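Each of the next two complexes has subunit A plus one other chain: subunit B in the first, subunit C in the second.
Entry: the complex of A and B
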């Protein structure tokens, strides 16, 4: 049915359609487990964000630094927001410097971009001279994503940069915080639209697009290809009815953003439960000292294995009360799946079984 | 040793030759609270209905106060001091609460004001917050239950049978109810308490009897039981038939889930379906288990447009990503959602029409008939295909439905659904009242459908059926899907535990 002001009003009144405070269920392949929580201790890292495979070993970003297991590789002027690697190049997006290109000795080879590229949330190389990027929001930088979320912006875009010429082209715009992308075997690009909780496939020219996975019970972030076929999807925060409800109350939302410090907002986050004066605590979460199984949570850890058709087949969870929340990025390297757990300040890894899926 | 108030000696009750209760002996002492537990269809209600004069035992003897009795009706039993509070309330909806309380004792001429005053005093003495002047049709389920209980108390019954009294009560009402039950006990009233809530049984009763498949399993003091033992006794089946054998189950691997076809989010309907959320995937049999009153049937009736969800904030149903809301079943059928009812006699077929006409009616309902006018040739051809495929046994396809056995009727109902070329098929109790041979054939059809890539939902109260057919099991409790199992980690005990907690 076509959305008109009248149908919007009726939906709001009846509590249906866009006004239904509903959240997709975590069932089927997404059935909750404690598999993230049960992993062995990982490598301590301070808010790791993006993890990629660089010459066979994982490297990740910690604030403005690029780090691997052997130590700090290089440092930039401001926080890194996305990384991508090819055989001989590494692309890094930062908060202030924009999109940078480094060669295999980590020396800058950034071309002159035809348009400045900023607020990048994800990057991926397709061919030797092709780089795709996601701009989460044209107005809010990636470190301010929670404000972008509460403003319910649809100001992101997916673009394409030619590395030889420096020519940058926006392929699809007016997106709700695209936060991850990966090339598909058929030449198309798959990207996640976090605020719409779905994955979209677009053709390289951007003319055709279709939703390949919708009703994700969280906010999907970066996507990394799995070695055999399929993808790993990081879901960096959960959807819950409380947040959906806050989104339905504009006056409350605006007052909250105006008057309350960001760490106390009722909004998804990479971590929760660290501050004693958070909005949800005590009796809302615990009963007789034990966390209620249904305790609402603003943060969650979830990594989903998708098959080649983008259907979920397996998932790893860290549930309410867990610590390994806010997994923002994954990569397969060295026979293992590596995960950057931003909320848990840890790089986690798990051995991949024979079928490319951990037991 | 005290003399029992009620004693049943080797009682058997058969319905059309099928025993619902087999050779059960049962004793109830005065001033005792006796909990009667068992799965759906274990024979609890039938047993108590024999005590309360609803059914007559086929074999055996019912003794009340040391005399063999044979009550002709519940009224007869009530006059003798045995009251039963039914699962389905037996109040008259168009009369007020006070009139209902007086029912059976009414004078030739009644003065309403006096009636209301005495009813008000009486209800207050029980701490029941019910307005005696309100019509019963205006009351909620819990309040109806309270009126029903009050009526039993008012008749000064010596024995009161409560059939799942607490299912519809809120915790506070439950508290009042338990206080009332304890007070009645002190006054020397004997109480039979049927419940699915095991904690309640453990908390309130003096003795517990467990029935299974119509047979007596165990009777003992409440101290001899704990929750796990009760569950084990309730489900621990020792019939290992070909159908439900363990070997069959262990050899089976779940079919992998396909694309998500249906997703229900926060679906609500009154107090029966409460904020339920779940998904259904292609190429799988999704088994839905729940006790009676857990809202499983209602949930799927909402999806197929038989009943409507709450108008305000009733949640969402998405069929292949598209939000749908059906007010009547026909658009749902046209979209490929087919619901096969659990109550086939009432909702499933036209009983005086023939097999062929019934199957053809399904085709017409889905707009799939080839000729604009009714074509007898098409009808006969269709009936031939489907009666052969499902092995419907009848003299010919012009036999009336009413002449068929339950199993054959169910096969025709299934055929009527399958001709509609479903994209999602919901089978509600597909083998209820069906003989063993037909069960095997219906199960084979269900497996065929899932193997062909269709999403199949099978609602069943019979645990072995759920375990042997489904690839994924959802458990419903109090109007909500509370647990999901894959076939690899499901056991009868785990499912039952999820369904009662």
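Entry: the complex of A and C
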């Protein structure tokens, strides 16, 4: 039906149509399973955030430290928020020091950026060795993403940094928390817009963009290219009808942000159920000792394999009540898929050949 | 507190918006639409014709109303039983003619003529009834045929006798009163109608025969399977219809004293319109006398009004037809959507300001894991043991959600048996002085299981009805916990009057004072409500000295004390407030203190939402029930406090491994037994440093050592 001012008003009054509080279902390739939860024990890590492939082995960030399987490689002054690697360089973004560039001996070779780059959520090198970055929100740092979510900000942007000259150019702004970035084979860049729950393909000059995957039943995070073609998408938090409803209630949101501690907000999170002061939803009541797997939850673990056209073909889930929630980043290295599970404090890996997944 | 805040609080305190939902849930709300239509029609016609409601016009119309309404009642009776009677028009003409014939030509008295006419018209109805009820012919076609045949008979009779009748004239005081007079200001036909309508209303709504007629109309096959004499009932409906039409014909004859060929022509259509406009369902089984009467008013005012307006001759039926389509449309939408509207509108949250909770980081409520090494009883074998109790022989009793009382045998409680089956959902339990077990059964009331023979008997399942409550609060929906005072009176809580056992969590969303404390006196066998407007009263416990009862108000997170004796007798005081969670059952401890089960913990996000009833109301309407923000009943604890309300200690199952929601605990001989309504096990934990010989029953009824109870 045509969207006029009157129908908009009626819809808002009745709570239907455009104002309906509905969430896309987990269906098709996204049908829930226990694959993530059932994986064997991973490497214990303290809130690992971003994992990348550096010279054939995975390295990841734990707070301000860059860690690999053989131990801590280096430490920075503040928490790492994004990493990207090319053959001979690592780009690291931190909370306070902005965007840093390291050579293959982990020495700093950061050029002088023309504009300070901060609040970076994802980085990627393209085939031509250009560095692309995305800033989640200009006002809220990545460790404050839940506040940015509740404020419903659209203050993120995607940009391009020239490594030789240090020139930083904003390609597309006013985005709802872009949280993942990957190069496409045709030269475009695909990025995820978390608060809008969709993936967007943008041309290198920023003139054309189109939504390639819409109505994701979660908030998409980092994207990493898969070996053959296609991508791995980490969805770091689920969409929930109660949260959709709270986003439509400005008075309640403001009062909650003002009076309640952030760990007890009605907002998506990397983990849930640890403290009894967290909000609980009716369907999460334990009956006969069981928390049903389809119970409403503020956190979830989901990793999705997309094909070259960005259609989901397979997914790994950790359902309500599970421990492996909040997967923020994935990378293919060494014949395996490595996943940084921030809510579960683990680095998980799964053998791609054995699983029969198209690598 | 700002002015806006104060205003908001006052609005939620004084404006009873829960009434909307409660009124919508009543059965008589189905009359709302026809009533509105009637009022609309009367208003519109009254505005268009200023003299429409003058005294003389009303007098004339009320006379017409009496006759028309009787015919409509006849039609309604047949419709309610699932049929239709198209012959009412011709039957009416027959009755009118026969009345005038008996009076003028056969010269019987008025009384005899009336009886004869009613019998004759009733026999026409009997013909219909035999064909439709016993021979199972289709009602529409059969009554259509009867319409034609009876009309033909009337025409033949008129042909033969019309001239003779026009030359005669009958007059008598009774006849004149019937036609022109009445009782006080009411015309005679109106009075007759009132009596008939009253009898019919009582018959249909409150008597066996009336219910049987409605049952046949509702579902003929089911009524047959139930054993009702379906054919007989259908036939009797047609007979009643005929007799009512005959009565209408008599009144018409008294008013007009003329028999023409067009008497009653088209009356069946008008009667059908009136019945359907009033909201009676054409399919049968749903309808009432009130609906028929309201439909008749609408039709009468419409037809008379259109006539007076001087519109063209076809406009009357046209207006009637349009009104009928509109009324049917609205009524069908209402019947389909009423329950949806009710579901959305019933939940009426109120403003609740929660005080700062006591700390769970330090002090008596500091989170610990003292319930980690609980020993589990009947894992997976008992479902929903809300309350647990032990008798003097150390047998353990609990309820389950299948309505049984289960008894577990000491010393290890690994074997059990069904002690008694009550039904419903057994909740709080206590032993009286004789050892009989009294149980609050959710959905049923207060029951007793006798000690000698395990016989289950009802103690009470209703209390006094409050005058101003729309909800029928004489019923006990959710009797929760009970305790017995030293004088034998039983005090028990009813958690909420607005919700049933299966949807009690919705009351948490409302958090309004829907509950009460009720007292049953076994000496006089009377049940009275003693405290009202409580927020989910839950656990009840008689104080150690027997002078007061303590009870919990769950959503308000406090424990109150109601004095039974002493200088504060009859007073209600808050003993404990600012609890960090929702208190459930309260029971005595062995050293003069009390145990309370905290079934869930408060969460700050919900506390903010409790201050915003609009937010909760929209949440209840916009998202599904299992997505609502809810009290966290997945983690709880058990706490102990003294008679001054000072807390001493608490025991937690921090990871909710065995006891997510603890609804009850019972101390017995040095052990603490735990029950939970959402759980499938009972737990017990050894208490150190307690009296190993103490039991609940002896604390209440056993010998007291000196002053200390």
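We take it that the second predicted complex is superposed on the first by the 331 of 359 C-alpha atoms of A that agree within 3 Å, B and C clash if a C-alpha of one lies under 4 Å from a C-alpha of the other, contacts with A are read in each partner's own complex, and residues count from 1 in each chain.
What we mean here is this: contacts are C-beta pairs under 8 Å (C-beta built on N, C-alpha and C of every residue); 3 or more make two chains touch, one makes a residue touch a chain.
Just so it is clear, the structure is predicted and the values come from calculations on it, not from any experiment.
Applying the stated clash criterion after superposition on subunit A shows that subunit B and subunit C collide.
Applying the stated contact rule after C-alpha superposition, one finds that A:9 touches neither subunit B nor subunit C. Of the two partner chains placed around the shared chain by superposition, subunit C is the only one that A:285 touches, whereas subunit B remains out of contact. Of the two partner chains, subunit B and subunit C are each touched by A:21. More residues of subunit A are in touch with C than with the other of subunit B and subunit C. Residue contacts after overlaying the shared chain place A:242 against subunit C, while subunit B stays out of touching range. Residue overlap on subunit A between its contacts with subunit B in one complex and with subunit C in the other: 15, 20-21, 241. For subunit C in complex with subunit A, the touching residues are 380, 383, 505, 601-606, 608-609, 611-612, 615, 618-619, 621-635, 656, 658, 660-661, 678-681.
Those residues of subunit A that touch subunit C in the complex are listed here as 15, 20-21, 240-242, 245, 249, 251-252, 255-256, 259-261, 264-266, 276-289, 291, 295-296. Residues 14-17, 20-25, 27-29, 31, 211, 214-215, 241, 309, 311, 313 of subunit A are the ones that touch subunit B when the two sit in their complex.
Remark: subunit B residues 256-260, 263-266, 277-279, 281, 311-316, 318, 321, 323, 325, 472, 474, 481, 484, 486 touch subunit A in the complex.
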